[in-house]
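Here subunit A shows up in two complexes: once beside subunit B, once beside subunit C.
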Partner chain A sequence: MPTKKATTIPTLVAAHGKQLLESWLGLQKDSSLVASGAVDTATLHNYSERFLSEFHKALASGRLDAIGGADWAGVREFLSDFSRGMAQHGLTPSQIATFVFSLKQPLFALLSHEFKSDAQRLSEELWQATLLIDSLGLYTSEAFQKSREEVIIRQQEEMLELSTPVVELWEGIVAVPLIGTLDSERTQVVMESLLQHIVTTGAEIAIIDITGVPTVDTLVAQHLIKTVAAARLMGADCIISGIRPQIAQTIVHLGVELSVTSKATMADALQLALRRIGKTVVDRKTPQAASPAE
Partner chain B sequence: MDQIPIMKIGDCLLVSIQVDMHDQLAISLQDNLTTRIVQTRARGVMIDISALEIVDSFIGRMLNNIASMSRVLDAVTVVVGMQPAVAITLVELGLTLPGVRTALDVDRGLALIRRLIDDEAGS
Partner chain C sequence: MDVEKQATLAVKSAEDIVRIRREVRSWAVESKFSLVDQTKIVTAASEIARNTLDYGGGGQLALEKVRQGERRGLRLTFSDQGPGIPDIQRALTDGYTSGSGLGLGLSGSKRLCNEFYLESKPGVGTTVTLIRWK
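Entry: the complex of A and B
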């Protein structure tokens, strides 16, 4: 069993823990972590100490080949925290991974000192140590990436919420100003919140404004048609507004049949909506002249 | 077997679906409704589905069928109170029910039927 023979690393770390920490810290004094100013020496000292203690605990389990196991949970947790914290300070993944990789030198020194006379054994031990430190270093990169992805996902969700407000323009008229590209997921959100608002406000007319939609392809048109159809099923009429000249051209070139009332601007759409619910806007100075004309 | 009640309000028939629709119930509703339209000479049919939470393509088609049958019997059909989830489901199923008139609630449904009947009488 090759892994059984390698258990000298844990005993070595246990025996020379203090020495290992000191030489490691000495090495890190002029590492890029300190040079970048993200962490001071005291914090780094603290981090290194915590890492070594978790490392020591995990090593005691004797499994050097499976850092994904339960024994290494403490180390993994520390590395995730560390990597997230460093990422917030604007450090690159390689700088963060170097923190772990820099442990190699003192560890190797320890090993070569121990197995001075046994070259065969030394190379085996070094190999084990390399594998272990490499996988831990790579884990920090993974954790870094994961924390970045979490940020992206959170921002995406926030954007989704931000970008789909339903506003009540008048009693019985709601409007959804759409901003950004429409994909199926966003359409779903828009559709749901629009329909929900139609129920709660009892609106008869919904204006979908696409001024902020940069491009309309067949898919986006399809999504718009779906939303309009769903609103109609609930008993509300839809008006699509904010169709820019280029969009009008694209829609015709694509051969998309929108089959819904559309207006160039939101103002036109509101005027039409008001007329449909039997309301009219009159000039205050000459109300008599304006109202019969409508 | 339970039945869906059909109420008469003036010259309109009100069908309020309060239970989960299954296929047999839907067929018997079509039967009863057409019979009642002929009996009462109703001019409008209102189907309230505000309590309906689950639809499938069969129920969607049934709504369409009822509208077509009523039209043959010279009555307008208005479906009222559809839930957002139901509307989304029907659209995703590709059933946009082009032949069916819709309204938000019973109140507006009645007003719509009134208007449609008056329009027909006027023209």
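Entry: the complex of A and C
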């Protein structure tokens, strides 16, 4: 292998920063970021300037082939920030990445100008620049996708908090259907709201339905056990309904003792609950047929 | 043992654990596991993933569809570079927890799988391998 000459990209970017910014901005004028209304030209100018300033700093101190390193932290932070800002606008990852990729053209122009008489050197430098910009572009689209996931997760959480799912089924009986993944703060929210309902309604029985819970592992089990214990302290007994057969088997293998009454369905649980508070459910026909005899 | 399909997943956040459960379930469905077997391997994966995150300080999962003769199954290898487990025997005891869990994750997962291997060195890290045959 020929000895690798240090790249001049950092020096060039430092020396021609202003020119680079101007031709980059010129290229982006008609980009889909602007066309979609996600950013106006002033904001784009601001973003581009900030990017170049971080880019410049990273180049000066760091290596071109390790954008995961500490020297590139500023650039990465900017790109994550930028992606987060864009995530609200319904753009595609490729539109976002284009922001970075469009820097190639002015950067290549600088290099071609610098090395017009040294084809060997030019191709080496172009190659380095390509690798660098590509990896930054890729990083941007990944960061963008991650921010979009974050937006969705946050929206789901907000929705869950808004819809307190605890219902009073009957005087003295409250029920909460648990749905989805239980190992986040969500469980906490739902459990607290159940306990709150027990207090405000003076319920004697709380039905926790887990039909909508895909996996019951030790963490979920522990949440259930704690809730049952807390409800008991507030004077309410719990019934767990909706334990599907495969979940029941798995819980047994895990070795978890739920030590609480359970019923296959919410309807069975309600029937048991009504009986416990001294009400009975009968077929409508039965009392009608029986009443004349009295 | 032949590996027919392989993927690596990060275990760095609570969302990763959700993603792992989803992925393991879809591989188990693809491998035509029964509903009970799907639930068992997904639950075991959830346990070990959470240990990797909570005690191992994060790590990764190598998910593999394997074949040995006529048998097919899933192999899950969780590894971390955390503090390691000083007393493996004790960690595998039902009810032992150094945190505030139920202490059933390791022992329970062992019962949920057909093969279970735990390697750990204090100061080096922990690797847990689970295999569930179809």
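Basically, the second predicted complex is superposed on the first by the 147 of 294 C-alpha atoms of A that agree within 3 Å, B and C clash if a C-alpha of one lies under 4 Å from a C-alpha of the other, contacts with A are read in each partner's own complex, and residues count from 1 in each chain.
Simple rule for what comes next: contacts are C-beta pairs under 8 Å (C-beta built on N, C-alpha and C of every residue); 3 or more make two chains touch, one makes a residue touch a chain.
As the structure is a prediction and not an experimental result, all values here were calculated from the model.
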Contacts of A:Gln222 with subunit B and subunit C, given as first, second, both or neither: second
Contacts of A:Gly235 with subunit B and subunit C, given as first, second, both or neither: first
Subunit B versus subunit C as contact partner of A:Gly255, first or second or both or neither: second
Touching partner for A:Thr181 - first (subunit B), second (subunit C), both, neither: second
Which of subunit B and subunit C A:Leu64 touches, first, second, both or neither: neither
Touched partner set for A:Ala273, first subunit B, second subunit C, both or neither: neither
Contact residues common to both interfaces of subunit A (with subunit B and with subunit C): none
For the subunit C and subunit A complex, residues of the former touching the latter: 14-15, 17-18, 21, 25, 35-36, 38-40, 42-43, 46-47, 50, 94, 101-102, 104-105, 107-109, 111-112
In the complex with subunit C, residue positions of subunit A that touch it: 149, 153, 181, 183-184, 214-219, 221-222, 245-247, 249-250, 253-256
Residue numbers on subunit A that touch subunit B, as the complex places them: 188, 191-192, 195-196, 198-199, 202-204, 226, 229-236
Subunit A-touching residues of subunit B, taken from the complex the two chains share: 79-84, 86-88, 90-92, 96-97, 102-105, 108-109
